[in-house]
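Heads up, there are several structures right after this.
Shared between the two complexes below is subunit A, which pairs with subunit B and subunit C, respectively.
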Partner chain A sequence: MNTWSFYANLALNGLVEGLLIGLAALALNLVFAVGRFPNAATGDFMTVGAYAGFGAHYLGGNIVVQSGAAMLAGAAVGLLSYFAVFRKLAGRPMVAALLASIGLGFVYRSVVSLFAGHDPRFFPMGTVSAINIGGVRIRDTDVWLAGIALLCMAVALAVLHLTPVGRQMRAVADNAVLAQASGIRSRRVMFALWAMAGMITGVAGLMLGIRTAVSPELGWGMLLPAFAAAVVGGVGSPAGAILGGVMLGIAQELSTPWLGFSYKIALSFVALAVMLLVRPQGLFGQKEAVR
Partner chain B sequence: MDRSRRQIIKQGAGLALVASLPSAVTRALAQGGETLRIGALNPVTGAGSPYGGGMQKAIILAASEINALGGVGGRKIEIFAEDSETSPEAGVRAAKKLIEVNKVQALLGTWSSGVAAAVMPLTDAAGIVHSTNAGASNITSSKGLMFRYSGLSVRVGEALGRFAAKRGHTRLATMAFNNPSGREITGGAKAAWEKLGHQLVGEVIYEPNRPSYRSEVQKILAANPDAIVMGAYLPDFISILRETRQAGSNVKFYTPAWTVNQSLIDAVGPKATEGVYVHDYVAALDSAAFKSFVDRFRKATGIDATENYYACCAYDMMVVVGLAAEAAAGKGALQDSMRTVANPPGDVVYDFAQGQKLLKEGRKINYEGASGPIDFDQMGNVKPLFKLSEIKDGKVTMIGKVFEDY
Partner chain C sequence: MLGYLVALLILGGIYALLTISLDLQYGHTGLVNFGLVGFFAVGAYGSALVALAGYPIAVGFAVGICSAALLALPIGGLALRLRDDYFAIVTLGFSEVVRLVIVNEEWLTKGGLGLPGVPRPFAQLGVGGAEAAYLALVVACNVIVVLVIRRVVGSPFGRLLQAIRDNETTVVSLGKSPPGAKVRALVIGAAIAGLAGALYAHYITFVVPDQFLPIVTFYVWMAMILGGVGRLSGSLAGAAVLVLLLEGTRFVRDLVPSVLAVEMASIRLILIGLLLIVFVIYRPYGVFGSPSRQ
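So, the complex of A and B:
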């Protein structure tokens, strides 16, 4: 393998990891933009999505059915979380919702492990073929993942900018009181928001679960990288989240020839710290991104 | 998935029943006298989860059997069970609770080196016996309180390295999960390999829970090895094996047993697991203690202990502590009696009842357990039995014989 393809492969690996992180960050940013708090249960929404997808697989469903199940389950926990907890905390300080979301994450994790047990579950994927372009190997599963990530981002942006409910979402994000005064029904907006964020997180969890192991702690471990990507990309910016994830992923993998595999993870947190110091609004964030 | 929800709930109910037995019995008697308080700190969740649940149930089973015989030295055993989550933080939290709140007199069944190393200072400070399956060599108590029921990771690595050499490999590489156990396995392999006059062609240390190990695999394959010794756990090994085969490599893997089970074969397919060689501790398959334990364990919990070596160890941990407590009653510290009941010379016994009877007659005994002969050396280590297997056509097949020494 020549040097060029060695680094190209590293960058590609980073891109794939980054897309996964970016999907979780996208859901974080959507909720942050409209709901105004960092949802620490995002990781556990992913876990629920992964288990739903695994359940669909167990019952014989293919990848489309699995994705559907993951999205439905993600949307269900998103809506449940909103109506049971976060709606009642609207208007309270951000830290109340943040703490509630951490607690809620624990609840989902425990419920999942109560019913599914703690044993890791694995999708019997076997091995997949790869397209070899000049030594750079692109797998089918990567193409799938990239497609789903871009689709999620496109749908999120389309909903925000092309639909009435998206316009209302942006209005609520801009000024919730004013939005309400001008007749926007916040319940409908929030319903759409949590359903959308839940679906994205659910499918992200499934993608992660397919590649690794489905376990109750699956999503929790993704939360910090997702936060880092959300901050680097710009808190509240949907496109920034994906780009932030991808940039972090690529930087991480490309650093490995020098930093080794143990310290590459620290890199995302260094990036996070630097970004907060130098440009707190992130690369693509404006003060209020979803407007 | 091989278990339905209903089965899991049923098993859960069974466990609750078993778990409630010793405490219910002891609570009733607790007013009458003191109990022997034992902490069961096991990896019920996390990387050790394939074994941890069974370990805990085995300890509880042993305790309830001992209590049914009237307890030790007139005292009933009371088990306090906790989950270490295979995580040092959670393990320390649980150990603190067991030691400070429950005032346990022995802590049984830590499994990973990370947890055992973090908990050891607490058990040393409290002056209580700590029985473990951790393999890191730095886990030895200066106070003689650590007792290890399986081997050192470094020895597992040496066995794997020598085995690779014996099978004619010339370009060996290593990949280690970044914890003491993972690094010592590959360190042992490296030492054995270099002793034979070879050099490793590549070494990678990787972090747990990564979404992908493709860069790590690319790095190691760039060195063009013909075999790789893994210091790994199951989830990361699945990921690494899959990536390796997807990269078109047929390199052989030499790996410890906890990375290999049916989920591995199901997840990557039989073809990809071809050429995976496994070092495995093995219980005392031919011994009366093992056979009888497997039967009783299946009856009590529905779990097949032949699939869970560490449950056999955990059972022995409780029996040995029980016998040691019987021997030490009114005479001194528990840790001083561990060798008295487990090591030769003495009458060989295979269960608690037999051992207790002979102890009461004032005899010296030598307990031979379900997990092996259990003879502690000065460091508190046993010489475990082990075997080597290979995966062929999706089945793990033993090669050669059971080894008693390294």
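So, the complex of A and C:
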């Protein structure tokens, strides 16, 4: 294998991983824009989605059924989190919602491990078939996963920009008081927001579970990369989150020959810190005070 | 039984130091530090490594405390430039990076295997005597730290910190400079967390990266909120409740033997998570705190 195809394979792997990070970052950004706090339970929404998808697989469901189950479970925990916790914290300092989201994350993760145990579970890959183009291997599961991720992103962006509730969501994100004054019902917006964020994270969790292994800690480890992607792309910018995720995913994979596999997370930390210091609004975000 | 009580008190004293450290940073200055365990880990590993290299334990303590404090300087530089929520995530990331470095730099830290045989002081006093002497050391550290913090909080510097917490813009308009004060609060807090780490390493006599997961940070957050943010006595009470909660769940297994250890660990985490949520929603100023204080 020559060097070029080695890096091309890494980049390709990073692209799929990046799409997955991008999905999580998209959900993070949606909540951040409308709810105005970083939802630290995002990773654990992913874990729940991954287990729901694995449950569907266990019962014989194919990838479509698995995605549906992951979306439903994600939406369920999203709405539960909002109605049981975050709704009560509206108008309180941001730290309150952030701390509560950490607590919620612990609860979801531990409920999962209480019933499903800590052993990692694997989706059977069967015989992995791959298309080989000049030394660049494209696995068909990756094509599937990338397709699902892109579809989810397209649907999310379409909902945001083409539907009334999406327009209302953006209005609340832009100026909550003004939105309320012009008669936007915040209840409906919040319902749509948390259902959507939950679905997106659920699918992201399923994808991560298929690519690696399903375990209770699955999603928590993704929180930092997702947050880094959201910041790199621009906090509050949905398209920026996706691009930030892809960039981070590719950068992580391309850095492994030098940094080794285990320092991947450190790269997101560096990207996060540098970006916040140099260009806090992100690559595609609007100027907003982060200081 | 008495031995177990001493062990509980020692652990409680170590958590009390961590809670006081966090309370100085968040309760008094408003810095949302989600990376406390990183400073705790640096204190523990710093002290353990120096002591294992053959230097006296006191030198280990000093190295642990100083390296934790030094590490707070770059984090402080970030704190000046970031809003609360960003600072929280960045410090959380920092503590994970500290753990990653410990896991990966095996030449120094033996990686995931950990460092066994960290020397314990007072060994010449026999088993019971050494435990009692260690408890005395932990209590002495707590007393000194409490006295220092009381002085700091009561001093003009302490009032400046509280003014920064309550309204930073006003502080600037009065001609004071918040950045330096924030960094100092972080460094002092980090040094206390480093001390807690050193005490922990030489008590448990074994350090391993899994002892320094982010969950420890949130244990301490829970203890601080439980006891009341911005109250020294609250920090001590919160730490006591925390240790009872962490250790008390063992007795539940004695009563209900059918519960497995891993299940109990999950139940304990669920309980901690729920407590964090319930307190944030219903009693953000602690059991005894009144909302009028802030």
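The working rule: the second predicted complex is superposed on the first by the 276 of 291 C-alpha atoms of A that agree within 3 Å, B and C clash if a C-alpha of one lies under 4 Å from a C-alpha of the other, contacts with A are read in each partner's own complex, and residues count from 1 in each chain.
Here is the rule we go by: contacts are C-beta pairs under 8 Å (C-beta built on N, C-alpha and C of every residue); 3 or more make two chains touch, one makes a residue touch a chain.
Here the structure is a predicted model, which is why all the values come from computation and not from measurement.
Taken together through their common subunit A, the two structures put subunit B and subunit C in a clash. Touch criterion not met for A:I210: it reaches neither subunit B nor subunit C.
By the touch criterion stated above, A:P38 is placed in contact with subunit C alone, subunit B being left untouched. By the document's definition of touching, both partners, subunit B and subunit C, reach A:G117. When both complexes are overlaid on chain A, the residue A:L99 reaches subunit C alone and has no touch with subunit B. Once the two complexes are overlaid on the shared chain, A:S262 sits against subunit B and subunit C alike. By the document's definition of touching, neither partner reaches A:I148: not subunit B, not subunit C.
With the shared chain A as the reference for superposition, subunit C clashes with subunit B in the stretch 111-119, and the other listed options (3-11, 111-119 or 381-389) are free of clashes. In the superposition on the C-alpha atoms of chain A, the part of subunit A touched by subunit B in one complex and by subunit C in the other spans residues 113, 117-118, 260, 262, 265. Within the complex formed with subunit A, the subunit B residues making contact are 1, 3, 5, 8, 44-46, 49-50, 53, 178, 204-207, 209-212, 214-216, 218-219, 222, 234-235, 238-239, 242, 245-248, 263-264, 266-269, 271-272. For subunit C in complex with subunit A, the residues that touch the partner chain are 32, 34, 78, 81-86, 88-90, 92-94, 96-97, 100-101, 103-104, 215, 218, 221, 225, 262-263, 266-267, 269-270, 272-277, 280-281, 284. Per the touch definition, subunit A reaches subunit C in the complex via residues 37-38, 40, 85, 88-89, 92, 94-96, 98-100, 102-107, 109-111, 113-114, 117-118, 223-224, 227-228, 231, 260, 262-263, 265-266, 268-269, 272-273, 276-277, 289-291.
Taken together, the subunit A residues at the contact with subunit B in this complex read 1, 6, 9-10, 13-14, 16-17, 20-21, 54, 58, 113, 115, 117-128, 130, 137, 139, 208, 211-213, 215-217, 221-222, 253, 256, 260-262, 265.
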